[in-house]
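Two complexes, one shared chain (chain A), two partners (chain B, chain C).
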Partner chain A sequence: MSIAEPAPVTAPWVGRLTPGTRAALITLIAGAVTLLLAPYLPWITIWPDAWTLPATQWVDTGLGLVLNLIKPAARWFSWLMEFPMTWANFALVSTPWPLVIGVVTALGWYLGGASMAALGFLGLIFVLASGYWVESMNTLALVAVSVPLAVLTGGAIGILANEVPRVKSAVQAVLDIMQTVPTFAYLTPLLLLFGFGPVVGLIASAIYAAPPMARNVILGLERVEPEIKEAAMMSGGNRLQQLFLVEIPTARLQIMVGVNQCLMAALSMVIIAAVIGGFNDIGWEVLLTMRKAQFGQALLAGLVIVVFAVVIDRMSATLATDRRRFDARVTYGILGATVIVTALSLGFLPDPATLTLLDPVADSVDSSLGDFTAANGAALNTIKNGAMFYGLLPLRIGLDEAVLPFTWGFSWTPAMSAGLFAAAALIGAVMALRGNVVGGLVVLIGAGILETGVAQMPWPFVLIAVAALGWVASGWRLAVISVLLLSTILISGLWERALLSLYLSGAAVFACAVVGGAIGLLCAVSPLAWKIMRPISDMLQTIPLFVFLIPVLMFFQIGEFSAFLAICAYAIVPMIRYTRHGLVTTPDELIEAATSSGATEWQIMRDVRAPYAAPTILLGLNQTILYAFAMLVIAALIGTTGLGQSIYLALGQADVGLGVSSGAAMAILALVADRLVQGFAEERRKALGL
Partner chain B sequence: MATPAPAAIECRNLWQVFGPDAESQLSAAMEQAGGDPDVAAGNLKEKGYIPAVRDANFEVMPGELFVIMGLSGSGKSTLIRCISHLLGATSGEIRIEGEDIVSASKKRLIELRRKKLGMVFQHFGLFPHMSVADNVGFPLKVQGVSRKERRQRAMEVISLVGLEGREDAFPRELSGGQRQRVGIARSLAVNPDIWFLDEPFSALDPLIRRQLQDEFLNIQATLKKSIVFITHDITEALKLADRIAIMRDGKIVQIGTPAEIVLNPADDYVREFSRDVAKGQHACVDSVMRPLDQKPDNMPDDPGLRPGMTLDAALAACMQCYEPVPVHDENGVLTGIVHPADLVAALQVETK
Partner chain C sequence: MKSLGLGIALTAMAGAVGATELGAVDEPIRLAINEWTGQHVTTHVAGQMLEAAGYKVEYVTAGYMNMYQAMEDGELHAALEIWSSNVSDDYAKKVAAGGVEELGDLGLDAKEGIAYPAHVADICPGLPAWEALRDCAQQFATAETIPSGRLVDYPADWGTPGADRMTGLDLPFKAVPAGSEGALIAELRASTERKSPLLITFWQPHWAMSAYDVQFVDLPVGEDACFNDPAWGPNPNAVNDCDFAPSRIFKAGWSGMADKWPAAHEILSNYQLSVADQQPMMGAIDVDGGSVEEVVADWMAANEAKWRPVVDEALH
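Up next, the complex of A and B:
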């Protein structure tokens, strides 16, 4: 048909650019301008001290006032909490260990039958044999008190948000923030409020564990079918009856998911809280042995933590399924046998603290590790240095400073910079000519970042780039909010440290995205690969953050590379999971339509599955980013620079101002990254009509 | 009406508008439109509001089975939720046995639901964590009725709906038809006077649906509740209803008996619905009967028509007749005449 299209209204060439192209172009120009001006205007690269507001001190003074005000109440609460803690501790530590093991086994049977009973029994036998029985029971006692606290508070918050719709969005925003503020950052103010001692760990873990509970309660109550709610109403129930007789029981599976997450979070935090010391628990044991470089023992203690995590996770997870009932007679039988065995053996029982059955194993781990590092030290060092010199360092301080005779064997010259940019411009031009203008521009921007280094990016460039990203991802609002939030970091003088954190987590996220994406893809195509990866992923997600530090320390000692590895090990899982999930859940109809059009397996993957999975994969990336930030702070224990280090230092010096502002800066980075990625995911989902 | 017997349910100028601050927006729109509901609804729509029910007026008589029919999105589910006060109406009057429930207190509303109202839901709305007996006994439980009494009453209604033996099963173990029987039993547990059914059979497959419709009619024949029944299925409406209200875009476009709906559709929309309906089964001879003053001098045939005969039966009787035939009532008194041509015309499936 040759019906004349109405002529376009003399569009200037700018008008025809897509938003993405325009944003990339603006960012590129901003980068080029700042790069050119940087030598003449030093304030572009380094935010001058004179412009810095003493925000950290203000926070310190302000919070100090508030904390002092509520200190009496806190101390009273702390005193009050001593009671259940002492009881729980007494109950767990002084109960003869066969009784504890028997009760856990019976509980395992009750919850999940033979497999759970075996898991509980073997797990606790391992703990007993490791010689860390008392330390473990101390940790468990803390969890036993903090979880009910967190479940009740979280549940109450969830119900409140459900009952009062006006506060719901506010509550959800607070929950978001609570989960992005790094765990260490809570500890400093809590330390001031409650004084040294296990109560801080208790409160911190309750605070950390309450949000997942609240979230799941909100979600569960929201998802109760409207007709069930209406049926309760039409049956003449008053609001309390509707809530407690119908809505909460109907939402119980989701609420139990909350209890499971709450347990895991509490355990993880109780162990992290060991860094403040003063309590003979298992986390402290790991820290102590790690510091003494007794890696065999550290590994053993770490495994004890993993055993606890797995037992608690798997057992509580059965609550969140419509579970089968198991024969109650077996439960009673196990309990009865336990009581008899305990009674008979009372007086002959060895003191669990003297049990060192696994010490030889630990020692042999130590000696073989020594042998291994002695034999392969050179290889390990090559790996480490290679990654540092050719990967992390250039990313951090840029090729112009990282390329030295000492590292790369030659010096970086301006000519090389020119060459880099020329190559990037060439690639960019080719991509632009083939239709991918945005991609071409991004290559150029990437070259610029590689030249300067992430940690030395000029701040105006960062702000403009983030604004551009925010604008493309979801519009002006996000752009403005992101810039405002980042500006608070800038003017409070934490910018350099923030960039250092950004660089390390960015590097880890990038590695996770590439490697995790590839593994996810592999798992999507090969069921066998997934069969192998699935338990590994499950395990990695169950292990408390802290434990990741042990193996990397064993092989690579303290340093940025170890931290990088620990972050990757923890943060890679969501990327794998979401990538696979997105790729395998493409609707059958789409696959059938593609197959009947004659597409090959690979074409289906590239043209049907991947685009359909894009929003899901982006969500995985989002999770990976949040995980990386969470781990970054823990990794400060083994040597990172940046905000994580500041938070850790502040804890040691009880510097509330520095601790809280650095924590806030960290949360801001995480929130901005979260919103940007969510924005893109949302945009993709809309584009697909999902 | 001459005798002011209080209607079981009475709705006057009932509106349900969705959107922020709907109440004042509605009254402003009504004022602006000079009291014309259609114009007001149009204005509200332009502003982005959703007038889901507009100016509904009807009453349901005691013991009457009143069906509200419409396509999805026509506002019928919203309307029944207004009457049962699951949604607060934006404006208008709803009276249940003469009592204004729009202004009723929360406490009174709970009281009403505990004694007078029962409701059945499209997707059953069963409580997944309760057994059949506990589901059915729930309305009694919230009133504080003892466990034993609850169980006893639950068993009564469970046997009424034919589910004896399944009382200790859980909803997930039941088929769709059985689940809806539980829903029906639960809504009858407190022996309510007024019974709301929101598309109760729509989620079931056709055979089960027909079976449940028949049982429902049997139950109603003994219990004589005042019923508001929602459906999107014209056949179901015609089969069950004493009277039908047809809704479109939130507006009730016609209220009438099944025969009136089929034979005298108020507009094209209603006509469209009744197009594929076998009219002969729903309309009676009296709807095409002419008065005695049109009686011709001589009527050769008398196939024995009665006013209450369906048109199908009448047509079968008149197969050989070409002249007008007489209609006699039960006592043999001549009450009118019928032209066979009128019968054929009435039964013509419209082909427009």
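Up next, the complex of A and C:
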């Protein structure tokens, strides 16, 4: 098979194959071979225990040593962080609530005028009415300390990457790891290092919130015009002066986008901080109500977090635009009125904890959930059984095992397998003859996967398939890296669980891509649809996901279908947003050109907008994949098996090794998927000349 | 009925001879508040006893599974309701390392078992006898477990006692682990609302026992032989063919407590609370919407005879 010796007959034929065709062909052959050999060589399907290295134990021992070494420094740091924490807490909790509301309203006016002031005022009134005022202020105190920490760390990382280009790719990898390793996986080591209490939550949220800041700082500094840099250099400033007096101010707007993203990320970690406790915050309330399966109350507590997210997001987003000034006299007026009202009412103020104005609403939401479940039990069961029998089960264990008399009404026979492959081969052949060779081969590969099931795919096939994909997406480097990373999962004995996770998140990503893409398309065509979907998307992304587990469980019980739905609820949002964004931002010239050449609305969508939006939609898919993996851990609360469950087990048993290894395995799956999709997106972007 | 009224044999307490020092009364004793109401009641009763003795008490929310590191570090001083059926491996590690010590049984009589909401008895008429489950298994089947019945088991990190029973008794049920306590409650709630069949691993004292009228299945009473000797019990080929091993509920604390607050250490070690006392308080909070502090304070005032002697004994 040497390339140096061109065989006169095959060479022109092989040469005519595109890289995609070659990769698909190799994958198909690997799949067929492993499928044929699997009955004779059991190690092809199941990685033998004897080949497994006790990696989780090594991680445990190794980390134990390192952690003990840096523990004193960490404890000192957490002692230090207690001060700002206590101050912020004291300031927010002991300030009378009219004063807090007034200051936020004034800030709203200062940043965005009347609408922003109204948003801040109404938002905080909602928080007050929910009866969770004190808990909310505790949460805000946590965010108030963790965000500056994350902004400083992220900013420093970003500047480092900008100043020392050699470390840039290493920094990118570190940022990826910070965002993809599930927080639950490293909570135990954090507890060990930093001790008990809110500081652990603080650090966990800073770790998660720093990367978006760093990425935006890098992006902002990269985009500073060379002329500006030269001007700074010529005026004789040293490097520090150039950086802080010229480049950073120029990149201000992009950096502010980073601050905004950082705030949102920190807020989404609030619930994770509550799992450790030590802090009577709003996340703890969500956990308590979730434990009692009180949907109404959990939703109320969750909405408090959504309100904060929306207020903080909209207000900080104004920082990222060149905004107009609003009359300062109004700001002072609101502040003055607030002080007077507070001073007058001091002593008469009701204790916010006794305010339960929204409890009746919560109760009625709760009971209507119960009524709905009772009324539609049979229909819900039909939906679930249909999805399990005809969708999820065959995908997981393959048609050969999922098709049984009590699921499909008949048994799967070898003849049916043969029929399936024959049909796939026929479709594949037709597609190949019509010029789509890759598509035809993919259909055949798909039939093979459907026959065996994702969770039972032979590992050599998975490795070869990923290598082939990586090679097509971006070249040999990605192929080698992906295979090496996946091999570490294989060797550490987490392969089976990883495949289960892959199956569940894969199914969710597929559903999100189809449904989310369709919704995104609808929103691109109809402004009304977007008006309805936008707040829903906002809520889905910021509400603690624990809240949704209750209705999903009530409707569909413990099991994979519930977990699948919970993952979809979260992961579908980026698909909707990016699809719509890609479709509506097609340059006007292109559309005008198409219109003038007589294209219909639908033709423009299919032939102009869709291809142009492809890179953006692929990025949305990429985000959907990352979100789906992130949600796997939360879905484990429903009762899934896979890496998410391992991470929970490890958290409960304080098993540092298992937790970190499972977290790493999950990050590896997410990273490989991310790189593959980004590779394809990059290729599309080049093809479009962007 | 074979209700496992387990007389918890209290070991003779180390003699409370003479007055015990109060110790550092100016520094607050930090008690762990975990994720469930019963534990809040237990902890607040203990806290108010300590306050009656002249201590300052601080209640700190703490994740049940992850609190032992804090206890070893002396940042949490005691946790008063630890279930032996569901205790983090970390606890044993910290006890072995000497940072955490056990403070004796709480005296709360717990029972775990295979359970069902009352309406399920209509679907499977032989209940509560366990033998009935063999013929009813089909009724409990779902998409994930077909052709077996479905048993909702504890979350995976609490162990698999339900699955062990099913194997031991050779019942055609497949155990599905719940992911969390919330998932168990949601199952109970949905089953009650929909009048659908449900078999679940559950325990008492728990507020849901009365809220969803949960009944236990009668299983052969367990004795040691059941867990070691396959020949014992209805299934001659397997162990675990009986009811659950009784679980113990105990207290634990920071090992430095005896030196820093000697009397508090003694009070918490001798502190006892029964199901009969705890369950009504749980109901007053979860069902009637009372606050923990008030409900407990009312109980303390009405039941001084139950707790005062423990405080007095430590002080005199």
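By our rule, the second predicted complex is superposed on the first by the 610 of 690 C-alpha atoms of A that agree within 3 Å, B and C clash if a C-alpha of one lies under 4 Å from a C-alpha of the other, contacts with A are read in each partner's own complex, and residues count from 1 in each chain.
Keep in mind that, in the parts below, a contact is a pair of C-beta atoms (placed from the backbone, for glycine too) under 8 Å apart; a residue touches a chain by one contact, two chains touch by 3 or more.
For clarity, every value in this text was computed on a predicted model and none was experimentally measured.
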### Query
Does the superposition put A:557 against chain B (first), chain C (second), both, or neither?
second
### Task
Tell me which partner A:236 touches in the superposition: chain B (first), chain C (second), both or neither.
first
### Task
For A:228, decide between first (touching chain B), second (touching chain C), both and neither.
first
### Task
Determine, under the contact definition given at the top, whether A:636 touches first (chain B), second (chain C), both, or neither.
second
### Message
Under the stated touch criterion, name the partner, chain B or chain C, that contacts more residues in chain A.
### Response
C
### Task
For chain A, give the residues common to its interface with chain B and its interface with chain C.
none
### Touching residues (chain side chain C, partner chain A) in the complex
33, 35-36, 60-63, 65-70, 73, 75-76, 88-90, 93, 142-144, 146-147, 152, 155-157, 176-183, 185-190, 193-196, 207, 286
### Summary
Within the complex, chain A is touched by chain B residues 81, 84, 86, 110-111, 113-115, 117-119, 121-129, 138-139, 141-143, 183, 186-187, 190, 196
#### Entry: Touching residues (chain side chain A, partner chain B) in the complex
225, 227-228, 230-238, 241, 245-246, 249-250, 252
### Query
What residues of chain A sit close enough to touch chain C in their complex?
187-188, 191-192, 195-197, 275-280, 284, 287-288, 290-293, 370-371, 373-374, 377, 384-385, 388-389, 393, 404, 406-407, 546, 549-550, 553-555, 557-561, 635-641, 645, 648-649, 651-655
